[in-house]
Amino acid sequence: MPLVRIETWPITAEKKQALITNVTQAVVHAVGCPQQAVEIMLFEVDQANWAQGGVCHADRPPHQPQP
Amino acid sequence: MPLVRIETWPITAEKKQALITNVTQAVVHAVGCPQQAVEIMLFEVDQANWAQGGVCHADRPPHQPQP
Amino acid sequence: MPLVRIETWPITAEKKQALITNVTQAVVHAVGCPQQAVEIMLFEVDQANWAQGGVCHADRPPHQPQP
Amino acid sequence: MPLVRIETWPITAEKKQALITNVTQAVVHAVGCPQQAVEIMLFEVDQANWAQGGVCHADRPPHQPQP
Amino acid sequence: MPLVRIETWPITAEKKQALITNVTQAVVHAVGCPQQAVEIMLFEVDQANWAQGGVCHADRPPHQPQP
Amino acid sequence: MPLVRIETWPITAEKKQALITNVTQAVVHAVGCPQQAVEIMLFEVDQANWAQGGVCHADRPPHQPQP
(Lines give C-alpha, C1' and ligand atoms only; values in the text may rest on other atoms or scores of the structure.)
Protein backbone atom coordinates (compact mmCIF):
# COMPACT_ATOMS: atom_id res chain seq x y z
CA MET A 1 0.00 0.00 0.00
CA PRO A 2 2.96 2.36 -0.27
CA LEU A 3 1.96 5.58 -1.98
CA VAL A 4 4.87 7.41 -3.59
CA ARG A 5 4.71 11.03 -4.72
CA ILE A 6 7.64 12.30 -6.78
CA GLU A 7 8.15 15.96 -7.57
CA THR A 8 10.68 16.81 -10.26
CA TRP A 9 11.23 19.46 -12.83
CA PRO A 10 9.50 18.59 -16.11
CA ILE A 11 11.05 15.41 -17.53
CA THR A 12 10.69 13.34 -20.67
CA ALA A 13 8.11 10.59 -21.04
CA GLU A 14 10.99 8.14 -21.16
CA LYS A 15 12.36 9.26 -17.80
CA LYS A 16 8.84 9.18 -16.33
CA GLN A 17 8.47 5.55 -17.35
CA ALA A 18 11.90 4.74 -15.95
CA LEU A 19 10.97 6.44 -12.67
CA ILE A 20 7.76 4.45 -12.42
CA THR A 21 9.44 1.14 -13.20
CA ASN A 22 12.54 1.65 -11.07
CA VAL A 23 10.87 3.14 -8.03
CA THR A 24 8.13 0.50 -8.01
CA GLN A 25 10.78 -2.22 -7.93
CA ALA A 26 12.79 -0.37 -5.31
CA VAL A 27 9.78 -0.14 -3.01
CA VAL A 28 8.84 -3.79 -3.51
CA HIS A 29 12.36 -4.92 -2.64
CA ALA A 30 12.59 -2.62 0.36
CA VAL A 31 9.32 -3.41 2.09
CA GLY A 32 8.33 -6.76 0.64
CA CYS A 33 4.88 -5.75 -0.55
CA PRO A 34 3.19 -7.02 -3.73
CA GLN A 35 4.10 -4.98 -6.82
CA GLN A 36 0.42 -4.22 -7.40
CA ALA A 37 0.28 -2.44 -4.04
CA VAL A 38 2.70 0.29 -5.06
CA GLU A 39 1.10 3.48 -6.30
CA ILE A 40 3.17 6.31 -7.79
CA MET A 41 2.18 9.84 -8.66
CA LEU A 42 4.50 12.17 -10.59
CA PHE A 43 4.28 15.92 -10.31
CA GLU A 44 6.27 18.12 -12.63
CA VAL A 45 7.01 21.43 -10.96
CA ASP A 46 8.18 24.30 -13.12
CA GLN A 47 11.61 25.67 -12.21
CA ALA A 48 10.01 29.10 -11.86
CA ASN A 49 7.97 27.75 -8.95
CA TRP A 50 10.77 25.98 -7.09
CA ALA A 51 13.36 27.91 -5.13
CA GLN A 52 16.24 27.22 -2.81
CA GLY A 53 17.94 29.81 -0.66
CA GLY A 54 15.60 32.45 -2.05
CA VAL A 55 16.66 31.85 -5.66
CA CYS A 56 14.39 30.28 -8.24
CA HIS A 57 15.84 27.27 -10.06
CA ALA A 58 14.74 29.01 -13.27
CA ASP A 59 17.20 31.80 -12.45
CA ARG A 60 20.20 29.55 -11.91
CA PRO A 61 22.92 28.91 -14.49
CA PRO A 62 22.06 26.01 -16.82
CA HIS A 63 24.91 23.80 -15.58
CA GLN A 64 23.07 23.14 -12.33
CA PRO A 65 22.27 19.51 -11.51
CA GLN A 66 19.35 18.06 -13.47
CA PRO A 67 16.53 17.60 -12.99
CA MET B 1 16.24 17.91 -7.21
CA PRO B 2 13.65 15.12 -7.18
CA LEU B 3 11.66 15.20 -3.98
CA VAL B 4 10.12 11.86 -3.04
CA ARG B 5 7.39 11.47 -0.43
CA ILE B 6 6.51 7.93 0.58
CA GLU B 7 3.46 7.09 2.66
CA THR B 8 3.30 3.60 4.15
CA TRP B 9 1.87 1.93 7.16
CA PRO B 10 4.33 1.98 10.05
CA ILE B 11 7.44 -0.01 9.10
CA THR B 12 10.64 -1.10 10.81
CA ALA B 13 13.76 1.05 10.90
CA GLU B 14 15.41 -1.57 8.70
CA LYS B 15 12.78 -1.25 6.01
CA LYS B 16 12.97 2.52 6.23
CA GLN B 17 16.68 2.43 5.54
CA ALA B 18 16.14 0.01 2.66
CA LEU B 19 13.47 2.31 1.22
CA ILE B 20 15.78 5.31 1.43
CA THR B 21 18.71 3.48 -0.14
CA ASN B 22 16.76 1.67 -2.87
CA VAL B 23 14.54 4.53 -3.91
CA THR B 24 17.42 7.00 -4.01
CA GLN B 25 19.30 4.71 -6.38
CA ALA B 26 16.17 4.09 -8.46
CA VAL B 27 15.63 7.81 -8.95
CA VAL B 28 19.29 8.44 -9.82
CA HIS B 29 19.21 5.72 -12.45
CA ALA B 30 15.90 6.86 -13.89
CA VAL B 31 16.56 10.57 -14.28
CA GLY B 32 20.34 10.81 -14.25
CA CYS B 33 20.62 13.34 -11.43
CA PRO B 34 23.37 13.39 -8.80
CA GLN B 35 22.63 11.17 -5.79
CA GLN B 36 22.93 14.18 -3.50
CA ALA B 37 20.00 15.83 -5.30
CA VAL B 38 17.50 13.18 -4.23
CA GLU B 39 15.48 14.03 -1.14
CA ILE B 40 13.17 11.49 0.48
CA MET B 41 10.57 11.95 3.18
CA LEU B 42 8.81 9.00 4.81
CA PHE B 43 5.39 9.29 6.38
CA GLU B 44 3.98 6.44 8.40
CA VAL B 45 0.21 6.52 8.28
CA ASP B 46 -1.70 4.49 10.81
CA GLN B 47 -3.98 1.82 9.34
CA ALA B 48 -6.85 3.38 11.27
CA ASN B 49 -6.42 6.52 9.18
CA TRP B 50 -6.17 4.89 5.76
CA ALA B 51 -9.23 3.46 4.05
CA GLN B 52 -10.14 1.96 0.72
CA GLY B 53 -13.67 1.42 -0.51
CA GLY B 54 -14.97 2.84 2.76
CA VAL B 55 -13.18 0.28 4.91
CA CYS B 56 -10.27 1.13 7.16
CA HIS B 57 -7.13 -0.96 6.63
CA ALA B 58 -7.14 -1.47 10.42
CA ASP B 59 -10.46 -3.29 10.04
CA ARG B 60 -9.29 -5.71 7.36
CA PRO B 61 -8.20 -9.28 8.00
CA PRO B 62 -4.50 -9.56 8.91
CA HIS B 63 -3.56 -11.52 5.80
CA GLN B 64 -3.93 -8.43 3.65
CA PRO B 65 -0.86 -7.31 1.70
CA GLN B 66 1.79 -5.57 3.79
CA PRO B 67 2.61 -2.84 4.38
CA MET C 1 -11.59 23.54 9.64
CA PRO C 2 -11.40 20.28 7.73
CA LEU C 3 -9.23 20.67 4.66
CA VAL C 4 -9.96 18.14 1.93
CA ARG C 5 -7.65 17.48 -1.00
CA ILE C 6 -9.00 15.27 -3.77
CA GLU C 7 -6.82 13.90 -6.54
CA THR C 8 -8.58 12.41 -9.55
CA TRP C 9 -7.97 11.99 -13.20
CA PRO C 10 -9.25 15.00 -15.16
CA ILE C 11 -13.04 15.24 -14.75
CA THR C 12 -15.82 17.41 -16.12
CA ALA C 13 -16.83 20.71 -14.53
CA GLU C 14 -20.13 19.08 -13.64
CA LYS C 15 -18.43 16.29 -11.69
CA LYS C 16 -16.17 18.81 -9.99
CA GLN C 17 -19.19 20.72 -8.73
CA ALA C 18 -20.83 17.51 -7.59
CA LEU C 19 -17.65 16.52 -5.74
CA ILE C 20 -17.49 19.89 -3.99
CA THR C 21 -21.16 19.83 -3.01
CA ASN C 22 -21.33 16.19 -1.95
CA VAL C 23 -18.05 16.02 -0.08
CA THR C 24 -18.71 19.27 1.77
CA GLN C 25 -22.02 17.88 3.03
CA ALA C 26 -20.42 14.53 3.87
CA VAL C 27 -17.80 16.21 6.01
CA VAL C 28 -20.32 18.45 7.76
CA HIS C 29 -22.47 15.47 8.64
CA ALA C 30 -19.53 13.37 9.80
CA VAL C 31 -17.78 15.84 12.07
CA GLY C 32 -20.49 18.36 12.89
CA CYS C 33 -18.58 21.46 11.81
CA PRO C 34 -20.14 24.49 10.13
CA GLN C 35 -20.41 24.17 6.34
CA GLN C 36 -18.32 27.31 5.92
CA ALA C 37 -15.41 25.61 7.70
CA VAL C 38 -14.96 22.96 5.01
CA GLU C 39 -12.31 23.74 2.42
CA ILE C 40 -11.83 21.53 -0.65
CA MET C 41 -9.07 21.52 -3.23
CA LEU C 42 -9.27 19.44 -6.39
CA PHE C 43 -6.19 18.27 -8.24
CA GLU C 44 -6.51 16.65 -11.63
CA VAL C 45 -3.62 14.28 -12.21
CA ASP C 46 -2.96 13.11 -15.74
CA GLN C 47 -3.17 9.35 -16.22
CA ALA C 48 0.35 9.45 -17.65
CA ASN C 49 1.59 10.59 -14.23
CA TRP C 50 -0.28 8.08 -12.09
CA ALA C 51 0.81 4.45 -11.92
CA GLN C 52 -0.08 1.34 -10.00
CA GLY C 53 2.01 -1.80 -9.90
CA GLY C 54 4.52 -0.14 -12.22
CA VAL C 55 1.96 0.48 -14.98
CA CYS C 56 0.73 3.93 -15.92
CA HIS C 57 -3.05 4.35 -15.90
CA ALA C 58 -2.65 5.90 -19.36
CA ASP C 59 -1.34 2.53 -20.56
CA ARG C 60 -4.26 0.49 -19.26
CA PRO C 61 -7.19 -0.69 -21.38
CA PRO C 62 -10.01 1.91 -21.58
CA HIS C 63 -12.53 -0.27 -19.74
CA GLN C 64 -10.72 0.36 -16.46
CA PRO C 65 -12.74 2.00 -13.67
CA GLN C 66 -13.24 5.73 -14.13
CA PRO C 67 -12.00 8.12 -13.02
CA MET D 1 -9.10 6.11 -8.42
CA PRO D 2 -9.95 9.26 -6.47
CA LEU D 3 -7.51 9.77 -3.62
CA VAL D 4 -8.87 11.89 -0.79
CA ARG D 5 -6.71 13.42 1.92
CA ILE D 6 -8.51 15.02 4.85
CA GLU D 7 -6.76 17.17 7.41
CA THR D 8 -8.65 17.94 10.60
CA TRP D 9 -7.89 18.63 14.19
CA PRO D 10 -7.76 15.41 16.22
CA ILE D 11 -11.20 13.75 16.15
CA THR D 12 -12.83 10.73 17.75
CA ALA D 13 -12.66 7.25 16.22
CA GLU D 14 -16.42 7.51 15.68
CA LYS D 15 -16.09 10.68 13.62
CA LYS D 16 -13.23 9.16 11.66
CA GLN D 17 -15.40 6.23 10.68
CA ALA D 18 -18.24 8.58 9.75
CA LEU D 19 -15.84 10.64 7.62
CA ILE D 20 -14.60 7.55 5.80
CA THR D 21 -18.10 6.20 5.16
CA ASN D 22 -19.73 9.49 4.19
CA VAL D 23 -16.94 10.86 2.03
CA THR D 24 -16.50 7.56 0.19
CA GLN D 25 -20.19 7.59 -0.71
CA ALA D 26 -20.07 11.27 -1.65
CA VAL D 27 -17.21 10.65 -4.06
CA VAL D 28 -18.86 7.60 -5.61
CA HIS D 29 -22.06 9.55 -6.24
CA ALA D 30 -20.24 12.57 -7.63
CA VAL D 31 -17.92 10.89 -10.09
CA GLY D 32 -19.54 7.52 -10.69
CA CYS D 33 -16.52 5.40 -9.84
CA PRO D 34 -16.64 2.01 -8.09
CA GLN D 35 -16.65 2.29 -4.30
CA GLN D 36 -13.51 0.18 -4.13
CA ALA D 37 -11.64 2.82 -6.15
CA VAL D 38 -11.96 5.48 -3.46
CA GLU D 39 -8.98 5.81 -1.15
CA ILE D 40 -9.07 8.09 1.90
CA MET D 41 -6.29 9.19 4.19
CA LEU D 42 -6.94 11.11 7.40
CA PHE D 43 -4.37 13.39 8.97
CA GLU D 44 -4.96 14.82 12.40
CA VAL D 45 -3.13 18.12 12.75
CA ASP D 46 -2.64 19.52 16.22
CA GLN D 47 -4.22 22.93 16.79
CA ALA D 48 -0.80 24.19 17.89
CA ASN D 49 0.46 23.53 14.35
CA TRP D 50 -2.41 25.11 12.44
CA ALA D 51 -2.78 28.87 12.22
CA GLN D 52 -4.95 31.39 10.46
CA GLY D 53 -4.20 35.07 10.22
CA GLY D 54 -1.05 34.54 12.27
CA VAL D 55 -2.90 33.05 15.22
CA CYS D 56 -2.69 29.42 16.21
CA HIS D 57 -6.00 27.60 16.55
CA ALA D 58 -4.70 26.40 19.93
CA ASP D 59 -4.65 30.03 21.08
CA ARG D 60 -8.23 30.81 20.10
CA PRO D 61 -11.19 30.82 22.49
CA PRO D 62 -12.79 27.38 22.89
CA HIS D 63 -16.12 28.41 21.30
CA GLN D 64 -14.50 28.48 17.87
CA PRO D 65 -15.99 26.18 15.23
CA GLN D 66 -15.08 22.53 15.63
CA PRO D 67 -13.18 20.64 14.53
CA MET E 1 16.04 22.09 5.90
CA PRO E 2 12.62 23.74 6.12
CA LEU E 3 10.51 22.87 3.10
CA VAL E 4 7.76 25.36 2.38
CA ARG E 5 4.84 24.65 0.06
CA ILE E 6 2.60 27.58 -0.81
CA GLU E 7 -0.72 27.17 -2.58
CA THR E 8 -2.33 30.31 -3.97
CA TRP E 9 -4.56 31.26 -6.81
CA PRO E 10 -2.54 32.08 -9.93
CA ILE E 11 -0.33 35.12 -9.23
CA THR E 12 2.06 37.32 -11.21
CA ALA E 13 5.73 36.50 -11.64
CA GLU E 14 6.47 39.58 -9.56
CA LYS E 15 4.42 38.34 -6.63
CA LYS E 16 5.99 34.89 -6.94
CA GLN E 17 9.44 36.40 -6.60
CA ALA E 18 8.30 38.48 -3.65
CA LEU E 19 6.84 35.37 -1.99
CA ILE E 20 10.08 33.47 -2.48
CA THR E 21 12.25 36.30 -1.16
CA ASN E 22 10.05 37.28 1.77
CA VAL E 23 9.15 33.82 2.96
CA THR E 24 12.75 32.60 2.76
CA GLN E 25 13.84 35.49 4.98
CA ALA E 26 10.92 34.93 7.34
CA VAL E 27 11.88 31.29 7.81
CA VAL E 28 15.56 32.08 8.32
CA HIS E 29 14.73 34.64 11.01
CA ALA E 30 12.24 32.36 12.72
CA VAL E 31 14.27 29.17 12.98
CA GLY E 32 17.85 30.37 12.58
CA CYS E 33 18.77 28.07 9.71
CA PRO E 34 21.10 29.00 6.84
CA GLN E 35 19.29 30.74 3.96
CA GLN E 36 20.48 28.01 1.59
CA ALA E 37 18.57 25.43 3.62
CA VAL E 38 15.17 26.92 2.85
CA GLU E 39 13.32 25.32 -0.05
CA ILE E 40 10.10 26.78 -1.40
CA MET E 41 7.61 25.34 -3.85
CA LEU E 42 4.72 27.38 -5.25
CA PHE E 43 1.54 25.79 -6.51
CA GLU E 44 -1.02 27.86 -8.33
CA VAL E 45 -4.47 26.37 -7.86
CA ASP E 46 -7.25 27.50 -10.16
CA GLN E 47 -10.21 29.12 -8.42
CA ALA E 48 -12.45 26.56 -10.11
CA ASN E 49 -10.66 23.84 -8.12
CA TRP E 50 -10.72 25.52 -4.71
CA ALA E 51 -13.91 25.73 -2.69
CA GLN E 52 -15.00 26.84 0.74
CA GLY E 53 -18.34 26.04 2.32
CA GLY E 54 -19.32 24.17 -0.84
CA VAL E 55 -18.83 27.19 -3.10
CA CYS E 56 -16.05 27.44 -5.64
CA HIS E 57 -13.89 30.57 -5.38
CA ALA E 58 -14.45 30.97 -9.12
CA ASP E 59 -18.17 31.41 -8.39
CA ARG E 60 -17.75 34.14 -5.78
CA PRO E 61 -18.17 37.87 -6.46
CA PRO E 62 -14.90 39.48 -7.70
CA HIS E 63 -14.52 41.74 -4.64
CA GLN E 64 -13.47 38.74 -2.52
CA PRO E 65 -10.03 38.91 -0.91
CA GLN E 66 -7.18 38.26 -3.30
CA PRO E 67 -5.48 36.01 -3.99
CA MET F 1 -6.32 32.46 0.51
CA PRO F 2 -2.68 31.41 0.48
CA LEU F 3 -2.21 28.08 2.20
CA VAL F 4 1.31 27.52 3.52
CA ARG F 5 2.60 24.13 4.59
CA ILE F 6 5.98 24.07 6.34
CA GLU F 7 7.90 20.88 7.00
CA THR F 8 10.80 21.10 9.42
CA TRP F 9 12.54 18.91 11.88
CA PRO F 10 10.92 19.13 15.31
CA ILE F 11 11.29 22.68 16.64
CA THR F 12 10.48 24.52 19.86
CA ALA F 13 7.10 26.11 20.51
CA GLU F 14 8.85 29.47 20.41
CA LYS F 15 10.21 28.88 16.91
CA LYS F 16 6.81 27.63 15.79
CA GLN F 17 5.19 30.85 16.91
CA ALA F 18 7.93 32.87 15.19
CA LEU F 19 7.41 30.87 11.99
CA ILE F 20 3.68 31.51 12.07
CA THR F 21 4.05 35.23 12.76
CA ASN F 22 6.90 35.89 10.33
CA VAL F 23 5.64 33.82 7.45
CA THR F 24 2.12 35.22 7.72
CA GLN F 25 3.51 38.75 7.46
CA ALA F 26 5.82 37.75 4.61
CA VAL F 27 2.93 36.37 2.60
CA VAL F 28 0.72 39.40 3.27
CA HIS F 29 3.47 41.75 2.08
CA ALA F 30 4.26 39.65 -0.97
CA VAL F 31 0.78 39.11 -2.36
CA GLY F 32 -1.26 41.88 -0.76
CA CYS F 33 -3.94 39.65 0.73
CA PRO F 34 -5.67 40.24 4.07
CA GLN F 35 -3.77 38.77 7.02
CA GLN F 36 -6.82 36.70 7.93
CA ALA F 37 -6.60 34.93 4.57
CA VAL F 38 -3.24 33.32 5.32
CA GLU F 39 -3.42 29.78 6.64
CA ILE F 40 -0.30 27.98 7.87
CA MET F 41 0.20 24.36 8.76
CA LEU F 42 3.39 23.09 10.41
CA PHE F 43 4.57 19.52 10.08
CA GLU F 44 7.46 18.29 12.16
CA VAL F 45 9.23 15.47 10.36
CA ASP F 46 11.57 13.28 12.34
CA GLN F 47 15.16 13.28 11.11
CA ALA F 48 14.95 9.51 10.85
CA ASN F 49 12.29 9.94 8.17
CA TRP F 50 14.03 12.60 6.10
CA ALA F 51 16.97 11.73 3.86
CA GLN F 52 19.14 13.41 1.29
CA GLY F 53 21.47 11.61 -1.06
CA GLY F 54 20.45 8.31 0.50
CA VAL F 55 21.51 9.33 4.01
CA CYS F 56 19.09 9.99 6.81
CA HIS F 57 19.47 13.35 8.54
CA ALA F 58 19.41 11.41 11.81
CA ASP F 59 22.64 9.72 10.72
CA ARG F 60 24.53 12.93 9.94
CA PRO F 61 27.02 14.59 12.29
CA PRO F 62 25.34 16.98 14.76
CA HIS F 63 27.03 20.12 13.36
CA GLN F 64 24.78 19.97 10.31
CA PRO F 65 22.59 23.01 9.62
CA GLN F 66 19.54 23.26 11.87
CA PRO F 67 16.73 22.61 11.63
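Each chain carries a letter (A, B, C, D, E and F) given by its place in the written order, and its residues are counted from 1.
Keep in mind that, in the parts below, contacts are C-beta pairs under 8 Å (C-beta built on N, C-alpha and C of every residue); 3 or more make two chains touch, one makes a residue touch a chain.
These numbers come from a predicted model, not from an experiment.
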Contact-graph distance - origin subunit A, target subunit F: 2
Touch-network distance, subunit A to subunit E, counted in steps: 1
Option reproducing the contacts of A-C, where over half of them reappear, out of C-D, A-B or A-E: A-E
Whole-Å gap separating subunit B and subunit C, where each centre is the average of the chain's CA atoms: 22
Computed distance of Cα centres, subunit F from subunit C, in Å: 27
Sequence positions of subunit F contacting 2 or more other chains: 3, 7, 21, 25, 34, 36-37, 50
Residue ranges of subunit C touching subunit A (in the complex, touch as defined): 7, 45, 48-56
Parts of subunit E lying in touch with subunit A, wherever the complex brings them together: 13, 16-17, 20-21, 24-25, 34-44
Complex interface listing, subunit C residues touching subunit D: 1-9, 11, 15, 18-19, 21-23, 25-27, 29-34, 36-37, 50, 57, 65-67
